[in-house]
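Two complexes come next, and they have one chain in common, subunit A, joined by subunit B in the first and subunit C in the second.
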Partner chain A sequence: MADKLKPEALFNVDYSPPKKGWMDTGPIDFEATRGNWNFAATPESMEYLDLPNVRKWQPYEQDWQLPDDWQRILFEGFKTRLKRFRSLKVYMDICVRCGACADKCHFYLGSGDPKNMPVLRAELMRAVYRNDFTLFGKVFGKMGGARKMDIAALKEWFYYFYQCTECRRCSVFCPYGIDTAEITMIARELMWELGLGIDWVNTPAANCFRTGNHLGIQPHGVVDSLEFAVDEAEEITGVKIDWSINRKGAEIMFIAPSADYFASPHYYTLLGYLMLFHEIGLDYTWTTYASEGGNFGLFHSHEMMKRLNSKMYMEAERLGVKWILGGECGHMWRVVHQYMGTLQEPADFLEVPKSPITGTVFENAKSTKMVHVAEFAADLIHHNKIKLDPTRNDHWITTYHDSCNPARGMGLLEEPREVIKACCNNFHEMPENTIREQTFCCGSGAGLGTEENLEMRMRGGLPRGSAVQYVKDQHDVNVLLCMCAIDKATLPAVMDFWAPGTEVAGVHEMIGNALIMTGEKHRDADLRGEEYPIVDSQAHLAAPSGEAETQEEKANA
Partner chain B sequence: MRLGFALIAVLILIAIPLLTAGMGLGLVFGVIIPYLALAMFIFGFVVKVLRWARIPVPFRITTTAGQAKSLPWIKRAPLESPYNGWETFWRMVLEVLFFRSLFRNTVSELKGGRVLYGSTQWLWLAGILFHYSFLVILLRHVKYFVTPTPGFVNVLQNVDGFFQIGLPILYLTDVFFFVGVGYLFVRRVVMPQIRYLSLANDYFPLFLLMGIGGTGVWMRYFYKVDIVSVKELAVGLFSLNPAVPEGIDPLFFTHLFLVSVLIAYFPFSKLMHMGGIFLSPTRNMPNNTRAVRHVNPWDYPVKVHTYQEYEDEFRTVMKAAGLPLDADPEGDGKSEATNG
Partner chain C sequence: MLDDVLRERRDSLVASWQKEVRDTYPKAGRIKFTQQSTSFNDPIGHILGRDLPVLLDLVLDGEFETPRLKEHLDPLCRLRSVQDYSPSQAIGFVYSLKKVVRESFSKSELSDATVLAELLAFESRIDKLAMYAFDIYVACREDLFELKTREAGRRSDLIIKHFGEQGKHAFDATADREGQEAPKVSNGHEGGEA
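Entry: the complex of A and B
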C-alpha cells in the first residue's frame, strides 16, 4: 500500500462537502476505504481482559455479528455515562456548530472528509443523543438533528472515532472548550461494550495487563534489553554504568514507555537516560512489573486505563521507593498528570518528590508524586549539575515537536526547550501555529499507528510534515526532536513521506550526546554511531556560535 | 431544506400575532404568552443548569493552552494554564466576557505544497458585536419596564446614540446587532463546510433574532406604535399587575411574541451555551491534578493484575534472569538485585 501512496496525490485534498446530507451518505464501504481504518481486536486479547461480546470479526465484513440487543446495550451505556460525565452531557447540549474547530483537526486538513471536522465527528454522537435523550429530537426527528442509532450510524462511529487521535487541538480553539477527546473516549468505551474495538489498542492493553508493558516483553526480556543498552552505553563512553532493576529500597523508581527498550529511535533516548542517571549518581531502579509508562487503556475505556495504571503505584509501594520518575512519553503523561491521582488511592506511601541532586522540591507533583524526566533534567541543567558539550550535537539542526498530551493536557512546554537549548547549538522553532498548545498530532496517536491505517496516518501527518519541511527549507533542519514514544515510532514514516531526510530523535538522546561524563573516553561518535568530524579543538569550540549567527543571518535575509 | 424549514417556522411565528393579535387577543399575546414564556425560560434554564451541576466531574481534564506551573524559574501562563481557583476564575472571565478561545481562531489553506495558517478574528468579532449589542439593547429596554427610567439607561442611550445620526437618533447597537447576526447567518450559508453541518436548529434562532430586531427597528424608526400604552403594558407585566391597554399595535405584539418564543425555546436549545460555558470542565478547572488530588465520586474497584500473580507466572524466567523474587518456594530464599 505504501508504494501506491504518493505525497502529490494526498496533497490534493478536496474540501468540498458531498451533495448528500451527512446523515444520508450511506454506510461506510470498508473495502473501498482500506488504508483508513484499523483491524478488529482479536478474540484472544479480548478474552484475556474479560471483555464482553468476544468474537472474530473484521470491519470489512458485512455482518459485524453484533449482539441481538446491541441498540439497548448502547442506549443503556450512553445513559449511564451521561450521568457520570458532566463533560459529556454539557458537550452534547451546548455546541453551536460555529465550526471554529473544523480546520484545526489534522485528519480534516489531510483528508477533507467533513466528518473529520471535530464538530461533525461529535455530531455523530450528538445526533443519537438528540434522538434518544431530548424532547426536541423526539418531536422534530431528523429536522431537529436527530438520528436513530442503526448499523450505518454504528459503522460511522467505528470509522470516525478511530480517526480521532484524542489530541485535543480542537478543544483549544472551541469557545466552550468542548473536548472531542472526551467524546471519542466515551464513544470508544461504548463500542467496546458491543465487542467493537481495534487490535492495536487491545493487544497492547492485554500485553500490558499480563507482562507489564504494551509490547508483551517478559521480565527477562526487559532485563536483556537494558543489559544490552548498558553495554552499548559503556562502549560509547568507556564509563561503567550503574543501574538496577526491581531493586527494593531505591530512592526513585523510573518508568519509561516500553518502546524505549529496543525500538528505534527510542533506544537512543534510553541510552541517554542510562548515562544521565549514572552520571548524577541517582539512586534509582527500573522495574519489570511496571515496565510501561504508556497506557493504551486511555484509548480503550476509563476502566481499562485504571486497570493498567494501577501497576505504577503498586510497584512503587512494593519496592518502597520515595517517588517516581517518568520517561519521555505523550499519552502516558496525560494519564499521569490528569488521571492517576484520581484513579488511584492517595499515594501516601510515597514522599513529595525532591531532586536528590539539586534539592528542588517538585511542588507541582506533591500529590501524585511523579515527575517528568524533562522537569527533572531541566532542573539539573538550571543548577549546573551536569556538564554538557553542545558541540557534540552540532551535526544536528534541531526543531521540536510538542506532543499533544504534554502540551494540551499538562502544559509542559518550556522544560524540554530548556534541555534542548542547553544540549544543542542549532535549534529552530516551527511556525507558531504548529507548536506548543497549537501543536499538531503525528497522526498516529490513540492506537491508530498501524500499517493497515497508513493512508489516514499520512493524511493526518500532513500539517506536521509540512511544518517540518518549512524549517527544513529555512534552516536545513535535519532532526525532529520529540518526547513521545508514539511520535518516535510513527513520525519517521511521516517524515519520509512529507519531509524526507529528517530524522526523529528524543530529547534525552541529545543529553546523551552532549553529556560529559566523569572518566569518559574520547567520544568520536554520537549515540547512533555517527562519527564526529575530526576538527581542531579550538575551531571546534568556536564553530557553533559562528554557525548559529550564519543561520540567523540567513533567516533574516 | 433545513434553512427553509427554519425560515418558514419563523415566518409562521411572525404571521400568527400579526394577523390575529388585533382580533381581541391582546390578553393572550400581551400577558399569557409572555408570562408562560418567561416561566419556561426561568424554570427551564434553572433546571438545565442544576441538572448539569448535579452530574459529577470525575476527572480534572483541563485543556492547557500555555506553560503550566512547574519549576520556579520557568515563566508560566497563569491564564492559559491556571494552577488555582483564582487563576481559573480569570481564565473564565476572559472566556465568558471576551471569548478568549475563539479569538485564537486561525484559517488554514493548502498552497504551494504547504499548509498555511492565517489569523482570523471575523467570527470572534461578529460574536462580540452580536452578544454585546444584544445586551445593550436589552438594557436600553429597561426604560419600558420601570418608571422613572434608571440613570444608567440614559447613559447607555446617550453613548449608543453618540453620533446623533438621523431622527430618531440611530443607535449604534442596532447596527452592530444586524451586522453581527447577519455575519453569523451569511457565513453559515456561504461557507460550504459550515452549511454542510448546519441544522435547522442553527438557522432558527438566527431568523428569530432577525425577526425580533426587525420588528423592533421598524417600530422605532419607521412605524411608530403607541409607546405610552406599550409602556403601560410592560410596566404592568413587570409589576405583576398585568393589564392590556387599548390601542396596542399588532406589530408590537409580534415583537413581543418572537421574544417570548426565543426565551421559551432557549433552555431546550444550543442557546444554553450561555449557561454551559460556566460548566465546561476543560475550562473551569485548574491544571493542578498532580499537586491537588481530585476525587471521582463514582470510582469503583477494577480487576488488576497484581505483582503476586505476575511473579507466579514468570517466576522461573525471572529467577533465571537474576531478578529478585518476593516468594521463591523452590529456592534458597535469597534474592539479589541485578546490578550492572
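Entry: the complex of A and C
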C-alpha cells in the first residue's frame, strides 16, 4: 500500500523547525505523565535476584536514590558492553537518521511524540555514546550531537526505553538493519546496574527463578491446574486424556507459557494442546521445574535471559527427553531462536527433533532442539494425521495477528495460517502492511502490559486495533487469533477499546474445537462452552466431514 | 447568510481547523510527503482528514441528531482520551473551530451587527458539538477504567472457578513466603504472561 507522491505534496512541506532541540525539552514530569510509565521494581524482587541498589522508590519521586557514582557505573557498563557486543558499536555508529523507522513504531503512530520515533529513542543513547566515546562528540559537544549523561537524560532513558516493546517492526524498515530493540535491551540492562527497572519485568523474573514460572505457582499448583484442565477436557470430549508430568524417559518435553494454566483466553489453548497430544498418542511430559516458556529476562538483561533460558534445558537433560516442544509463547521463541546460540553451550545432549507421528525431521531446530507447536501441528495436518471438522468453528470469523516474536523473531508466518485454514472455514487477512513481518505489536510487550500505563498501551494498540476494525467492517470478523501469551493477555483490552466486539483466541483453541477425537462423545459446545451453530452436531460422529475422512483414508493408505 | 459564506469557505476552514488540531501535537521533526494518510501510516492525520470535514458539515447544517455525529466525533475523542492531554486539551480541538471561523472574517465584516449575530448563533452550535465531544470523552475514560477491571477478571476468573478458596490460599501462601502482601503475587501473575 505504497503512498503515491502527488506533485502538490512538495508545496505542503512545513519547513519550520521545532522551537526547541530534542535535548532541551525539559525534564520528564512523572507526576503529570501517569499512564505513560510503569511502577518501579520492588526491593523484595530485586533482592531475590541479587540486583544492586536495592531500595523502595517510584519514578514520580524527585530523588531516585541513585548511587553516588552512578555516572561512572553507567559509563563503565556502557564501555564493557561496547566491547562485548560488536553489534552495539555498529548500531551506535552507523545510523544516518534517514527516518525510515520513524512512522513504523506503533507508539509513535498512536502518540505523535517524536521521542517515540525509534530513531530518536535510540538517539537518547547515541548522544551519550558520542559524548563519552567519540572524539567528534568530545570536541564538538552538543553541536556534534553529544549529550552529557545527567539526571534529566537518565530519566528520559527510563521513560522512553520503557515505551518500547522491543517488537522490532522498525528494524524491518531500517536500510542498515539496525535492531532498535537491542538498543532498548542494552539501555535497560545498563539502568539495572543502577537499580532502575520496572516491577512488571522484575517480579515475574524473580518468580520464575524461584518457582519455575512467572506467576510464582509452586510445583503442586502447576500439577493441580493441569489436573483441572485435563478433567475439563475429558468432560468436554468424553475421552480419557493421557498426560504426564515430570516423567523421566518421555520422548518429548512440552513447555507452555504459564499464563496458559490460569488466564483467559489462554486456558482454552491449553485444552487444545492436551486434546491434540492425546489424540496423536504423543509420548510427552509436562514439567514443574520448567513450567514457564516465557523469558522475562529478555526484557531485563542478558544475564537474566541466560539464567531463565538455562532451566528449560537443564530440565530436558534431567528428564532424559530427546527434544523439546514449545507452546504458543512469544519471547521464549525470540530467546531460543536468536540469542541462545551464543548465550549457552550447545544442547548436544538432545537429539535433532523428529516428529514421531510423521517422521518429519525439523532441521531448522538442529541447533536449539526445540520445535514450535504450530510448526508441529502444521506438519500433522500436512500429513493428514488428524481429523478436523472446521464447521465446529463456523461461529468464528477469524483473522490472524502475527505475534511479533514468532513472526519477526523466528519467521513463523505460514505454519499458523495453515493450521487456521484447516480448522476454520472463515479466515480473513488484515491489510498487507499490518501482518506477517510487518505485523503491528499489541502495544504491551516487553513487560509493559500493566494497568498503570494503560493509556500508553492503548496508544500503542491503535494500529493493530485499526487493522482489526478494518476486517471487521469488511467481513464481520469476530475473533482475533494470535500465538503469544502477552497478546492473549493484553489484546482483549485493545480490542474492547479500538475494535469492540472482537474476541481474542489462540490458534490451538481452534484445533481443540475442530479436532475429532477417537471415541469422543456428542459435542454441542466449543471449548468456551459456546453452543455450536450447526443444526446436526452429531453428523460428524457418524461420518466425519468429507475432507477429514479423505485425509484419514489417505493416511491409512 | 453567514452559513452560505462559511459553506463557500468550507475547504479552507477545514484545512485551517486540521492545522490547528495538528499543531496540538509535537512537531514531528520529519518532512511528511505522503498525502494519503492511512490509519496504519498516520492514524492521527487519517482521522483528521476523514472526520473534521464531516463534523464541519454537520455543524453547518445544525445536524446533531444523526448517527454520523458519533461515528465521526468518536475516533478523535477516543484517541485524545489516551494521549498525553488534560481533559480540556483533549476536547479543546472543537473550540479551535471558533478561532478558525473568526479568523476567516475581516474586522470590518465582523463589525456588521447581522454577521456578528449570526456568528454567535453559529458558535453556539460549536458549543453543542463540544458538549457531545465531552460526553464521548468521558465515556472513553470510563471505558479505560472498565478495561482495567475486566483485565483483572480475565486473570483470576478461571482461578476462582477452578480452585475457589483453596486456590486463593495457595496464592496467599506464596505471598507469605516472600514477605509480601497477597496482591503482590497477583502482580507476578499478571506480568508473567507470555
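Simple rule for what comes next: the second predicted complex is superposed on the first by the 516 of 557 C-alpha atoms of A that agree within 3 Å, B and C clash if a C-alpha of one lies under 4 Å from a C-alpha of the other, contacts with A are read in each partner's own complex, and residues count from 1 in each chain.
By definition in this document, contacts are C-beta pairs under 8 Å (C-beta built on N, C-alpha and C of every residue); 3 or more make two chains touch, one makes a residue touch a chain.
None of these values were measured; they are calculated from a predicted model.
Undergrad: For the overlay on subunit A, clash or fit between subunit B and subunit C?
TA: The answer is clash.
Undergrad: Name the contact category of A:Gln218: first (subunit B only), second (subunit C only), both, or neither.
TA: Touch status of A:Gln218: both partners.
Undergrad: Between subunit B and subunit C, whom does A:Gly281 touch in the aligned arrangement: first, second, both, or neither?
TA: A:Gly281 sits against neither subunit B nor subunit C.
Undergrad: Taking the superposition on A as described, I'd like to know which of subunit B and subunit C A:Trp22 touches: first, second, both or neither.
TA: A:Trp22 contacts both subunit B and subunit C.
Undergrad: Figure out whether A:Gly238 sits in contact with subunit B (first) or subunit C (second), or with both, or with neither.
TA: neither
Undergrad: Scan A:Gly501 for contacts with subunit B and subunit C and give back first, second, both or neither.
TA: A:Gly501: touches no partner chain.
Undergrad: Does the superposition put A:Pro52 against subunit B (first), subunit C (second), both, or neither?
TA: A:Pro52: touches no partner chain.
Undergrad: Touch test for A:Asp103: subunit B only (first), subunit C only (second), both, or neither?
TA: Both partners, subunit B and subunit C.
Undergrad: Is A:Met117 in contact with subunit B, with subunit C, with both, or with neither (first, second, both, neither)?
TA: After superposition on chain A, A:Met117 lies in contact with both partners, subunit B and subunit C.
Undergrad: Determine, for the superposed model, which of the two partners subunit B and subunit C contacts more residues of subunit A.
TA: B
Undergrad: After superposing on chain A, which of these stretches of subunit C ends up overlapping subunit B: 27-35, 63-71 or 99-107?
TA: So the stretch of subunit C colliding with subunit B after superposition is 27-35.
Undergrad: Share the list of subunit A residues that count as touching for subunit B in one structure and for subunit C in the other.
TA: In subunit A, residues 13, 16-17, 22, 99, 102-103, 109, 114, 117, 120, 211, 218, 220, 224, 431, 433-434, 462-463, 466-467, 470 are touched by subunit B and also by subunit C.
Undergrad: Can you check the complex and tell me which residues of subunit A touch subunit B?
TA: Its residues touching subunit B are 11, 13, 15-17, 21-22, 50, 82-87, 89-91, 93-100, 102-104, 109, 114, 117, 119-120, 123, 134-136, 140, 143-145, 168, 171-179, 182, 209-212, 218-220, 223-224, 227, 230, 240-248, 285, 288-289, 302-303, 306-307, 310-311, 314-315, 318, 336-339, 341-343, 346, 360, 362-368, 370, 375, 378-379, 382, 407-415, 418, 431, 433-434, 436-438, 462-463, 466-467, 469-470.
Undergrad: Subunit C touches which residues of subunit A in the complex?
TA: Going through subunit A, the ones touching subunit C are 1, 3-6, 8-10, 12-14, 16-19, 22, 33, 35-36, 42, 44, 48, 99, 102-103, 109-114, 117, 120, 199-201, 203-204, 206-208, 211, 213-218, 220-221, 224-225, 228, 257-259, 262-267, 292-294, 296, 329-332, 431, 433-434, 440, 445, 447, 449-451, 454-456, 458-459, 462-463, 466-467, 470, 484-486, 488-490, 492-493, 496-498.
Undergrad: Name, in rising order, each residue of subunit C that touches subunit A in their complex.
TA: Result: residues 25-36, 38-44, 78-79, 82-84, 140, 143-144, 147-148, 150-152, 154-159, 162-163, 170, 173-174, 178-180, 184-185, 187-194 of subunit C touch subunit A.
Undergrad: Could you please specify the touching residues of subunit B with respect to subunit A in the complex?
TA: Touching subunit A from subunit B are residues 2, 5, 48, 51-53, 55-71, 73-77, 80-81, 83, 95, 99, 101-102, 104-108, 110, 113-115, 117, 123, 127, 191-202, 268-270, 272-273, 276-277, 279-283, 287-296, 298-299, 302-307, 310-311, 313-314, 317-318, 320-324, 326, 337-340.
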